[in-house]
Each structure stands twice: as C-alpha cells, then as structure tokens.
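Both of the next two complexes hold chain A, though its partner changes from chain B to chain C.
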Partner chain A sequence: MAFEIKESTDKGIVIAELRGELDSSSVAAFTLGFKEISDKHGKAKYILDLKALDFISSAGWTAFLNEFRRLGALGAEIKLASMQPDAKRVYSLVGIDGVIKSYETVKEAADSYGKNG
Partner chain B sequence: MEKMAEINTALLQLKKNTAESAIIADANVHNLAFIRRWISSAMKKQGFAPDDISPIKVSVTEHCENIIKHAYADKPGKVEIIIRLDYPRAGITVVDSGPAFDMTGYKPRDISKRIKEGIGGNMGIKTIMTLCTEVKYRRVKNRNENTFIIKAKKTGKVKK
Partner chain C sequence: MNKKFKSMKWEVMGVVLSLTLIITGIMSFMLLSIHKKSLINEVELRGISIARNIANNIADYIMMKYELESAKILKEAMQNKGVIYAMVVGSNGVILAHNDMTRVKKKYKAPGKITGATPAKNIIFETPSGEKLIEFTAQAVAKHKAKTGTVRVAVSYDLISRALKLTYINIALVTVIAVILSVIGAFLLSTAITKPINILAEGVKIAGSGDLNHKIVIKSKNELGLLAGAFNEMTDDLKRAQKTALEKKAMEKELEIASRLQDSLLPKKFPDMGKYEASAFYKPAKEIGGDYYDVIPLMAGKFGIVMADVSGKGVPAALIMTMLRGVLNTEARLNADPVRVLINLNNGLLGRVEGNIFATIFYAVLDTAKGAIEMASAGHHEILVYKSGASAVESYCPKGAAIGILKGNDFESRLEKITINVGPKDKLLLFTDGISEARAASGARFGMNRVAESLQKNGGKTCAEIQQGLLRDIEIFTGGEEQSDDIAVLTVGRTA
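Showing the complex of A and B:
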C-alpha cells in the first residue's frame, strides 16, 4: 500500500495520520509531507497517528527521530499514538521508547498534552 | 506504488517448488514492498502466523536497505531471495554481490546515544540480530549469503 500522510487538528493539537508502509522508498514522502504540515503549524503539539501504518523500517524510525529533534529545537512536541504491535516491538528494542512517547490511542496522546502541557 | 510494484514484478524471475521459492530482483528500494508481500504470502501459505512473519519482513527489509545503501552504494545490483519453509522453521536467504560483509561477526555500535540525541541510524543490524532466532553468513563465489531463520512460536500452525 502506498504511503500517505493526512493532517487534521483537534483542540489545537495537530494530528498527522500515517497510512501504508514506511521504509526507505517512502521516507522522503513522510519527511516532505510532515514538513509541509509543520511549516504551517510551527511550534505546536503534534501526534503521529500510526494506526494505519502497516510497516515501518529503521529508515522510518530515523525520520521520526529527525523530526522530533528538528521540531523540538523550535519548542514543538511530537508524540506517537496507536502503534501496531510489530512496530512497538522494534520501538522498544532500539530504545526509541526512551525518547518519543507513545500512547495506545490518539485520545490518550491528546489527553497527555493536557496533563503535561 | 501498487503500479510500481506491478512493473517491478515483470523484472523478477520466479521459480517455485513446494515450500521453496526464489526471486531475483533489482536492488532498488521500490522493490522492498513487493519482496515483503511475496515473503508474507509464502509464509502464510505454510501456516506461519503474522507474529512469526513480521520479524522476517523487518529483517529482510533492513538487510536489503543495507545492501542498497552500503554494499552497492546506490549503484545498480541484484538481490536473490530464497525462501525455505519447513514449519515451524523458516529460513530466508538473501544473496548479494557486494563486498564481503559478515554481520554475524559485527558488533553493532551502541546506538543509545544517537537515539537520545534524535539522530537515529545504525539500527538495522541490531534489529535483525534480535528479531531472528539465528542469522547465518557464507561467502560463496564472491557473493554474500545471509540466511535469516525464525522458529514459529508455540501458538501452532495457522490453518489455511
């Protein structure tokens, strides 16, 4: 399935829904698509909704980390939500869980912004 | 992307046996999704569960990405992928013509600092070595043969 990124907002939180497969063939589509979204919203609270992301390789994880660092430097925040079990295994294995927070649902991720700022 | 996969399919040579099959593909990132689907379909037919298929899909993708980027340095090349399935054992061999490189003797760098700094990278080999039950390497006739082996969990064979 081709990679897609769709944007929505909910109570000021920017939600980027990722669909399809994210590997080195689609990582540029993610980076460009997410840059377009983040250029529009700047210093905001972002959630990457991974419910429909069927596959992710380390190229995709590296892109998430790069965006986390890039937007973090601007004072923005990124959280992950609705990760599939296969992705969650690698997320913990390589230690990304110690850097980018992940939540079971988009709602939980959005609520966490309310609690933690 | 589906259309691209169809075009690439035409470039592949396919030979089939009962639980052993192989493809030769251009070492190109646009073939990765097709390769994953091909492996997934073959393993499903032999009763492997999604939880058993996933580590192989991730490992083969990571390895092919390394071949494209490092072994062939983004120049044209081929990868041959051979699937040998004998439930509960699955062995997927990836053959490339790049310089000799034995990942089983490679000690992955400590990537924790890079990840904490939001840099990433260098995650592939660690991921492969952790997800697979075993990885075997041979250098044969100037080619690298890496075999990724998993043994299905005790949940049992999935009926077709």
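Showing the complex of A and C:
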C-alpha cells in the first residue's frame, strides 16, 4: 500500500497520521509531507499516529530520529502512538525507545503532553 | 553570420516603398486624368459660351455691315483669358469680321493642322509655330433667322497644358513627400521588428554558448515578447535539467565510490577456522546501504563474527562503515567480551557519527576450542542457529540498542550477552534485514519465519548450500521483484 500522511489537530496538538509502508522508497514522501506540516505549525506538540503504518524499515526509523532531533532543536516535541507489534519490536530492539516516547493510543500520547505541560 | 545574410529591414522597406510608389502612381494617374477632363470641359464650356455670345450679339451688326460695332464685340471677346482670335466667316468662306481688322475680307484658312478633337467635337489645331489651340464655332443668326455667318473663336490649348503642369508638379511633390515619409515609416517599423529579433538572436547565441543565466529582455507585449518569454522559460528549464543531470552524475559517482568502499570492506576469503567453515553472500541494492560482515581471527582459536547494517545510504553510510570496521577490528582484538566490544564501539563512534545514521551490529565470539559462542547485539535483529542434533532451528536476539543512538549507561545497561554451545554440524545464520524484509509484488514481506523455514530445510547441508537455498527461496517469494535494500548473509558452521 502506498504511503500517505494526513494531518489533524486536537486541542493544539498536531497529529500526523501515517498510512501504508515507510521504507526507503517512501521515506522522502514522509519527510516532505511532515516538513510541510511542521513548517505550518512550527514549535508545537506533535504526535505521529502509526496505527495504519504497516511497515517501517530502518530508513523510516532514521527519518523519525531526524525529525525528532530537527524539531527538538526548535523546541518542539514528537511522540509516537499506536505502533503495530512488529514496529514496536524494532522500536525497542534498536533503542529508539530511549529517544522518542511511544504510547499505546493517540489519546494517551495527548494526555502525556497535558501532564508534562 | 552568413555572408549572404540580408536583413529583413531592407525587405520590409522595399515592400513598403514599392507599395507607396504603386499607390501614389495609380492615384496620380487617376487624379491627372480627372483633372485633365475637367480642365478640357471647363475650357470647352468657356469657348462655346464665348462663341455663342459673339454669335448672338454680332449677327445684326454683320447683317447691317456695322464693321466698327462688330470689331468692338470681337475685341471684347478677346478680353477673355486664353482667347487667341475671334472672327465671323461668311458662308462663302470670306472673313466678315475679325479682331484683327486687317484680316477682314480675306479668305478663312484653318489655323494649322488638325491634331484631334475635344469630347464636344471641337477641333484641336497645331499652328505652324507649334502652338495648340481649340477652335469653337457658333452660327450667327440675325433677326428673322437670317444666317449671317459662322463665329470662330480659338482658345489656347496650352492653357490646359499649363494648368496640368502645375498639377504634375504638385503631385510629384506629394509623391516625393509620401516616399520620404514611407521610407522613414518603413525604417522605423522594420527597426521595431528587427531590433527584438536581433536581441533574440543574440540571446540564443549566448545561451547556445552555455550561459543559461542570460535573460532576453523584450518589453513589448506582442508575439516577439511572447517568444522572448518562452525562450527565457526554456533556458530556465534547461538550467534545471542541466542541474539535475549534474546532480545525478554526482550522485552516481558517489554511489560508485560508496559501492567500491563497501566492496573493499567485505572479506574476500575467510580465515582458516579448523573444524569450522564460513560462507557469505552480499548483493547491494540500487541505493548503496551499509551492510558489513566479517570473521576476525582473535587469540587462541577464537574468532569474532560480525554482521552489521548501517541505516543510512551512500557515501556517508559507507564511510561510517569504514570507521566502524576499523574500531571493531581493534576492539575485538583488545577485548574478549562481545558486550565490552560493542560498548567501546558505541563510545568510540558516538561522537564521530554525524547526523542521524545508526548502525545495528550483531557481534559474537566463537571459541573453536570450547565449541561455544558468546553473542551480543547492538540493536540487530535475531540470528538463527540450526541445531544438527535436534534438527531444529533456534533464534537468538540478545538485547541492546543500535550504535549511535544512546549514550553511556543508557546504552550499556541494555546490552545482554547470550552464550550457546555449538555442536557438530550446527550452523549459524546471520543476515541483515534486506533478507527478512524482501518484498513480493503483492506487498508481503519474506519475514523471519520463512528464513527459519529455509534454514530448517537446508540446515544439514554445507554453509554455501544453506545460503543458496535461502536466496532461491527469496527469489521464488519475491518473484524477481527488485530488492529495495542490501542483502547480506553470513553462515558459519561446524563441519565435524
């Protein structure tokens, strides 16, 4: 399935819903799409909703780390939500869990922003 | 430029000039002929009216032979412009009265030879001295309708010629002015056309010589302005295309360098491991990644076994792989513990790895004397082990994190070491995610289970055969779909 990125906002939190497969062939689509969203909102709280993202290759994880660090430098935050089991395995195997926070649902991720301000 | 080049300017000017000449010529001809007709008409009316006037007034005097009165009437008639003579000729051809009294009673003689007639049929004569005149006649009829003679009045034809001459001069003047104006107009018009064309031609020449930054400035909003706009767009497109081509070339060069770098890192043959053998296969994807495998001979029958995958692509990934290989080879020889090797590797590379490239590494130390393997993993996925005794495939994935993501204790505390025994004919299958993530046209991935099934099927064979079997299974699964990631497989097995 082709990669898609869709944006919505909920109580000031920017939610980017990713669908399809994120690998070396679609990573550019993610980077461009997310750049457009982040250029619009700038320093904000972001959640990547990965519920419908069926596959993430190492290129995809690299892109997540890139965006996390790029936006982090601007004072923005990114959190991951609703990761599929395979992705979650790689997420902790590679150690990305030590850098980007992940939550079971978008709501939990949004709530965590509320708690930490 | 071509020597035979003839500017459009001259062509335009030639056409405009010719048209002006033709139009003024036709108009002059028409004007002159109309003018001539009207002049003749006017002279004729006047001549006829003078002749009739004389005829009406003179008839009775002629009848009564009042010569003085007759001469007075004729003299009065002579006051009219252009009148040459006026006379009354009797029916016998003898002049009865004449403005020149000496001619009276002499025989009337035609004033010269006939050269033509006017539209009203009055005769045009040319006198021996070359003068042209028109003779008008009227019958002088006295009371009781007695015919007394024929009045003959000559009016100079040169009057018409002189009036026409003046018209000729005027027309010639107008024609000259029209030609001068049309030449100036044609020059301005042709310059207005050729100037932007020359600017365009110059621009095309400059762009053709390679300067695609040159812009053609034509302010007019007509077709030439449109053409200049299109030309500027074309040079912009060409510039973009050239840039893309250069970038592509640079990228191809980079990929070639990366490919050569990576190729130079991979071992061409493995060290002699006694009862153990190793076999490897590597196939890069179109975009070079950074897969690396190795068997490093250590002290006392020990060997370091490596399978690594750098997440980035191209030269940066290949360079990091070079660094990683260097540090790993040193650390492997200095430390017997695979966990310590990975910690030192992370510490050594963390500061130097720019950007967000990370590397997953599976590192194990094979002790051939003890028949044991100690393994650790920096975020690499599981390896598979074929246990010959049980004909079973086992999967091992020591915990950890990829090199380049976490620092110090965050990294160290995650690492786990697993030790397993290696029995006779047991096989270790190490690979990168290019294998498990190989994609079929349907979108399905090969997956870890299929790798295990392949190993289960071929585990009893040699390392090379296990690999061949695995690659064949992948090819059947993907249906020849182009691989998106590098494929690297390292099989290490105990022969006896």
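Things to note:
Everything that follows uses one rule, which is that the second predicted complex is superposed on the first by the 117 of 117 C-alpha atoms of A that agree within 3 Å, B and C clash if a C-alpha of one lies under 4 Å from a C-alpha of the other, contacts with A are read in each partner's own complex, and residues count from 1 in each chain.
To be clear about the criterion, a contact is a pair of C-beta atoms (placed from the backbone, for glycine too) under 8 Å apart; a residue touches a chain by one contact, two chains touch by 3 or more.
All figures in this text were calculated on a predicted structure; none of them were measured in a lab.
Superposition of the two complexes onto chain A shows a clash between chain B and chain C.
In the superposition on chain A, A:L93 contacts both chain B and chain C. In the superposition on chain A, A:S24 makes contact with both chain B and chain C. Greater residue coverage of chain A by touch, when chain B is weighed against chain C, goes to B.
By the touch criterion stated above, A:G75 is placed in contact with neither chain B nor chain C. Applying the stated contact rule after C-alpha superposition, one finds that A:T62 touches each of chain B and chain C. In the superposition on chain A, A:F3 contacts chain B only, with no contact to chain C. Taking chain A as the common frame, chain C overlaps chain B at a single listed stretch, which among 41-49, 131-139, 275-283 or 365-373 is 275-283. Once both structures are placed on chain A, chain A residues 1, 21, 23-25, 55, 57-59, 61-62, 65-66, 69, 90, 93-96, 98-99 are touched by chain B and, in the other complex, by chain C.
Contacts from chain A toward chain C in the complex involve residues 1, 21, 23-25, 55, 57-59, 61-62, 65-66, 69, 90, 93-96, 98-99.
Put simply, chain B touches chain A in their complex at residues 1-2, 29-30, 32-33, 36, 50-51, 54, 57-58, 61-62, 65, 68-69, 111-112, 115-121, 123-124, 126-127, 130-131. On the side of chain C, the complex with chain A involves touching residues 285, 287, 309, 311-313, 355-358, 360, 379, 381, 397, 399-402, 405-406, 410-411, 414, 433, 437, 443, 445, 484-485. On the chain A side of its complex with chain B, the touching residues are 1-3, 20-21, 23-26, 55, 57-59, 61-66, 68-69, 72, 85-86, 89-90, 93-96, 98-99.
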